[in-house]
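Here chain A shows up in two complexes: once beside chain B, once beside chain C.
Now for the complex of A and B:
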């Protein structure tokens, strides 16, 4: 954390696929920098083998396998990690280790499922990147490696209901397996636990019970499982799965904060006073280059970046016991102590979020990243006080990926033109989009997010919408920003002027730099 | 009229153009052994020779192997996490094997690699020895008997940070099938604590098999295995068996897929690289180096 004074140089803010250097007001601003990357494990493969041979509160994987069994290996989809990691992906390492044991035991009936819930299907290249060519070439041609299909009328099973009346629905293949091995990549503390199976392998019928406005508004925050209604609901659904006799062997992994390595983007992970002459030259060159490129060119360059993450922990065994340890590892890497709340919080939104990998960050995803993910990256209290202002920098154009986000286009044009109130949106429009046959068809056969997905993105920000007094987008397209219900500003100074109208003159300002990922522990 | 050869003219000119004969009754001076196993290759790893070799391999060598072999390299990710020297061990079907690996293995090993070459074949004359040492970074390796000198030299190079490429079959396959492995690579792995990387080459025998001098282009698959380390109580003989099994498994992986090969390995039914034991036409028929039949449709009906 840095208190800004007159000597503080302009600071770096992400601005979608570009960057901004902004000077913050002295003596009332502070900067929360993300933590340094933790060292990775020396031998990740040995650590993975040890984890599955000596699991937590479970028999070793080898003893859970037998030759004539049905084994389903589910793994996290392309929304993790961000940006994608250099090969070999952690999922590949873990899946190969699991298959090594399965081969020794003699298991034949194995299916591998990309647990993507209502996200878009992964392409062959994306699956190959996640599981590796060896696994893909062995299983995909036999139809034993595929994307989860939550709208397959014959492929989904309702297991039961929780005591709160929440239906529990998962893939039939997983439900009828003797064992589900879930391979998890926990990038943030929201991921993992029962959310892996109860959400990743579920469909609309199961998800609607916790992907809704009431749950999100009762969640403080969804990055803090102890105060998250989202997680409580998933845990209840997990208990139903467990009580129904569905066995899950959970393998969770954590990675460090090394998003940019030593390459040309290394400067993005450094604090401004650490920039060497070479870093400054690199930054100016990169910025000038990106500023002169087309949006498509910028996207191609930035989305091709693969982060050199290192594995910091791997644990396997019983879902809840494993997840407790995993969460501690995530916190060890990401928590930053922040003293007191602020009047104005400032975020620079980067080019990628969980739902626009190899795609376009459309305005609804801008809202979700800023008010959903970034706002909720706290434990204790939000960084900004109730009634405060959130300022984010992003171009926010009304550009959509027509293949990946078809229902988002209609959501923007039809729903947001009427209202931005999450409750009204949920009441009037959700079911129509969720049950639309065309969106179902695109989700199942193309590479489209499910029809209901933009609603969930909007709900993700509903806690922030309720908490905040206003949202200002710096550098955003004014018409698009207004459609989202936010205020556009052309410069940061203008945005701070607008914020002053809402929170009073000379407000305290906190800039939370992200990425690399940090989570504010607010006291 | 036939001109006399230059060598004959030199011989005819006598001393001092040729060596003076040893007088009778005088014990001849001892012959200093300079070829074969004793050939000194240090010069070939000094900067001038090293960089000229790298330049030649990265230009001429790379183009030549791409044109003749069209190589596809699989599973290089298995080398991730290793940054020290490695011993690469491959099956051997062709003179192209060495050039191919010297131009396709990843950095940093590609430029820090010495090749164990048969002392009796590549180092029997000075010009051949110099050419092998420069072009391939070859070091002589005795293949007909155990040689302390060969082993010590290879161990010293590994300790100095050089990686080593060995073809443990000791020579190119005469018929496309594998030959019994010699234990040198495994011995060095155990002695120096250096991981051994099994590599399987499929198709080089179709390009330039033993006995041919003109290559016939064909696609080649290179499958790189995970580095193997000797177990704490494993001796070189057992480690050699494991390395050999590793190459056989890679061959199985190339002809089927990773999972099938892994399953067969688990139940001990990985196909042997040595092929059918019976010496019949079927052994030749199924040989990995037999070029597939031309399956293109005939332009004219027969």
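Now for the complex of A and C:
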């Protein structure tokens, strides 16, 4: 963390597919930088083999397999990691290791499912990137590698209910398998645990019990499982799965913070006061290049970036035992101690979030990234005090990917035109979108997020909406920003002026720089 | 007397049509409309005709089309030059009564006996003898050289055209009676059922009034309204009242709204060219009458549905294939006459008075201008939606007239 004084240089803020350099007010601003990347494991493949041979609170994978069994390997979808990783993807390494053991044992009935819940289906190229060509070519042509379909009337099974009345619904193939091997890529501490199976292989019937406003408002934060109603609900659903005899062999992996490597983007991971003249020149060159490009051109360039993450841990075995260790590894990489809350928190939103990989970050996803993910990257207390102001920088244009986000367009046009109140949105509109046959059709046959997905994005920000006194978007399209219920500002200075009206003059400011990913441990 | 006059000046009509392509203002300036102060008041064409002094007279979409040379040549045989425009008229009669003029010049006004079959049935808007009797050709007051029009200091009208204004209505309420009659005639022609989904295209004067009429007499299950400007949303809501909660969206979003409202499937992305809905709304009321609006009406109406054209079209070029392939019925809705409501035959104007009174529709009058500022008035009317207004009118009270409220200076 850095306290800003008069000698502090302008700092870099992500601004969607562009960048901004902003000077922060001296003597009342501080910068929370993400931690440096941890060293990766020397031999990832050996670590993976060791994890499945010597699992935690479980028999080794080999002993859970038998020749005539039904084996389902589920894996995290394209929403992880961000940005995507260089080949070979860790999922490929883990799946190949699992398949080697299965082949040794003589298991034939193997299905691989992209556990995408209500996310969009992955394309062939995206699946190949995740699992590798060898796995794809061996299983996809025979219909044994596919995207989860939560709306398949013959493909989903309700396992039971929790003591809270929460239905537990997962893929029938998974439910009727002798073993589910779930391959996780735990990018942040929200990921993994029972959330993998209970959410990733579920559908609307199961998800609605925790993907709702009440749950999200009782979740402080969804990155802190000990204070997350979202996780408690998933864990209750997991218990129902376990009690129903559904066996899950959980494999979780963590990666370091090396998003930008040593190439031209390395400067993005450096602290501005450590920039060399060469870094500065590189940055100005990259910025000028992007600024001159069309939005489509910028998007193509940036989404093609593949991060050189290194594997920092892999653990396998019983779901909850594995997940406790995984979470510690995530925290080791990402936690940053932050003392005290701030009046104003500042975020620079980058070009990609979990739901716009190879796509467009539409206004609803801007809200979700800023007020959902970034705001919730805390343990203890939010970085910004109650009634404080969140300022984020992003162009926030009225632009949507028509194939990936069709129901988002309607959500923006119909729902947000009426109200931005999550409770009212949930009450008046959710079921209609969730049960819309056209959205179902597009989710199942095209590459569309489920009709209800924009609602979940809005709910993801509902804790922040309740906590904050105001939200200001710097550089956003004014009409679009207002439709979101936020205030537009053309410059950071204007945004701070607006914030001062809400929190008083000379507010304290905390700029949380992300990416790379950091998580504030606020005392 | 002072009056705005349109002469049969073909070069000016042509110039106006060309200039209108550059915008409403150039079209008006190039057009055939002229302010003159030497116009002879019209003579009384026959018995039961009286003189009227206009108090206020509105500017309608058809007036704008005329002064900008955009009207169809269909009208040529059924208008007579030179004429004084203005068919939305509130006036004083010689006995000092305030009256609204029902401007259609049917057989009774023309002194034609026996009256034509349409007039005999009360469908005076469909009168087939618009060039007969003791009047020159003219489908309405405001398009006939013998009657004068509302954009002047004096005109003549047949007693059958007059409706006395009750005291509880002010001049602006009264001014809205004629356009309200047009809109509700279209709304009732749509024969909307209680389970229907209806789309109203356009949130100008006719669109607003159609919403009010639909909500009052045949509230559908769902009502979609396309409105280009954000301020129009609240007004649409207030006009619909408690009968139905309309979903108001921009014209670009109507396809998607229709898909949602009717649980339709879509081929292609709604809102993008090439998109097709599997279903659509039962009834579309087009209160615009442009190529774009008619095309959209055909795109959002379900197979076998109905499109009611309330807004006046001109010469439009569009693809009618969806009309054919989806077996959509298109019906015009011009003027007024006799309506059947709950089994009762009632004059459209009587229903219009009721709707105006219950909704205080005079609030839709956004600004009035003297005749001298006719160019400003016409520019304002052509851009009313963009400028946050709806109905623009001429204020014709004499300077010493004890006029009611005026809206000079209001938006």
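Criterion: the second predicted complex is superposed on the first by the 523 of 523 C-alpha atoms of A that agree within 3 Å, B and C clash if a C-alpha of one lies under 4 Å from a C-alpha of the other, contacts with A are read in each partner's own complex, and residues count from 1 in each chain.
Note that in this section a residue touches a chain if its C-beta (ideal position, glycine included) is under 8 Å from a C-beta of that chain, and two chains touch if they have at least 3 such contacts.
These numbers come from a predicted model, not from an experiment.
Considered on the superposed chain A, chain B and chain C are sterically compatible, since they fit side by side. Touch counts on chain A: comparing chain C and chain B, the chain ahead is B. Contacts of A:1 after superposition on the shared chain: neither chain B nor chain C is touched. Judged by the touch definition given at the top, the superposed model places A:158 against neither chain B nor chain C.
When both complexes are overlaid on chain A, the residue A:100 reaches chain B alone and has no touch with chain C. In the superposition on chain A, contact of A:44 is made with chain B only, not with chain C.
Once chain A of one complex is fitted onto chain A of the other, the partner contacts of A:337 are absent, as it touches neither chain B nor chain C. Residue contacts after overlaying the shared chain place A:284 against neither chain B nor chain C.
In the superposition on chain A, A:437 makes contact with chain C only, not with chain B. In the superposition on chain A, contact of A:409 is made with chain C only, not with chain B.
Contacts of A:139 after superposition: chain B is touched, whereas chain C is not reached.
The three-chain arrangement built by superposing both structures on chain A places chain B and chain C 120° apart around the Cα centre of chain A, to the nearest 10.
For the pair chain B and chain C, the model built by superposing on chain A gives 37 Å as the shortest CA-CA distance. On the side of chain A, the complex with chain C involves touching residues 402-403, 406, 409-410, 413-414, 417, 432, 436-438, 441. Residue ranges on chain C touching chain A, taken from their complex, read 233, 247-250, 253, 256-257, 259-260, 263-266, 269, 271-272.
Every residue of chain A that touches chain B in the complex is listed here, in rising order: 43-45, 87-88, 92, 99-100, 103-106, 108, 132-135, 137-139, 141. Chain B contributes residues 74-75, 77, 80-81, 253, 257-260, 262-263, 265-267 to its touches with chain A in the complex.
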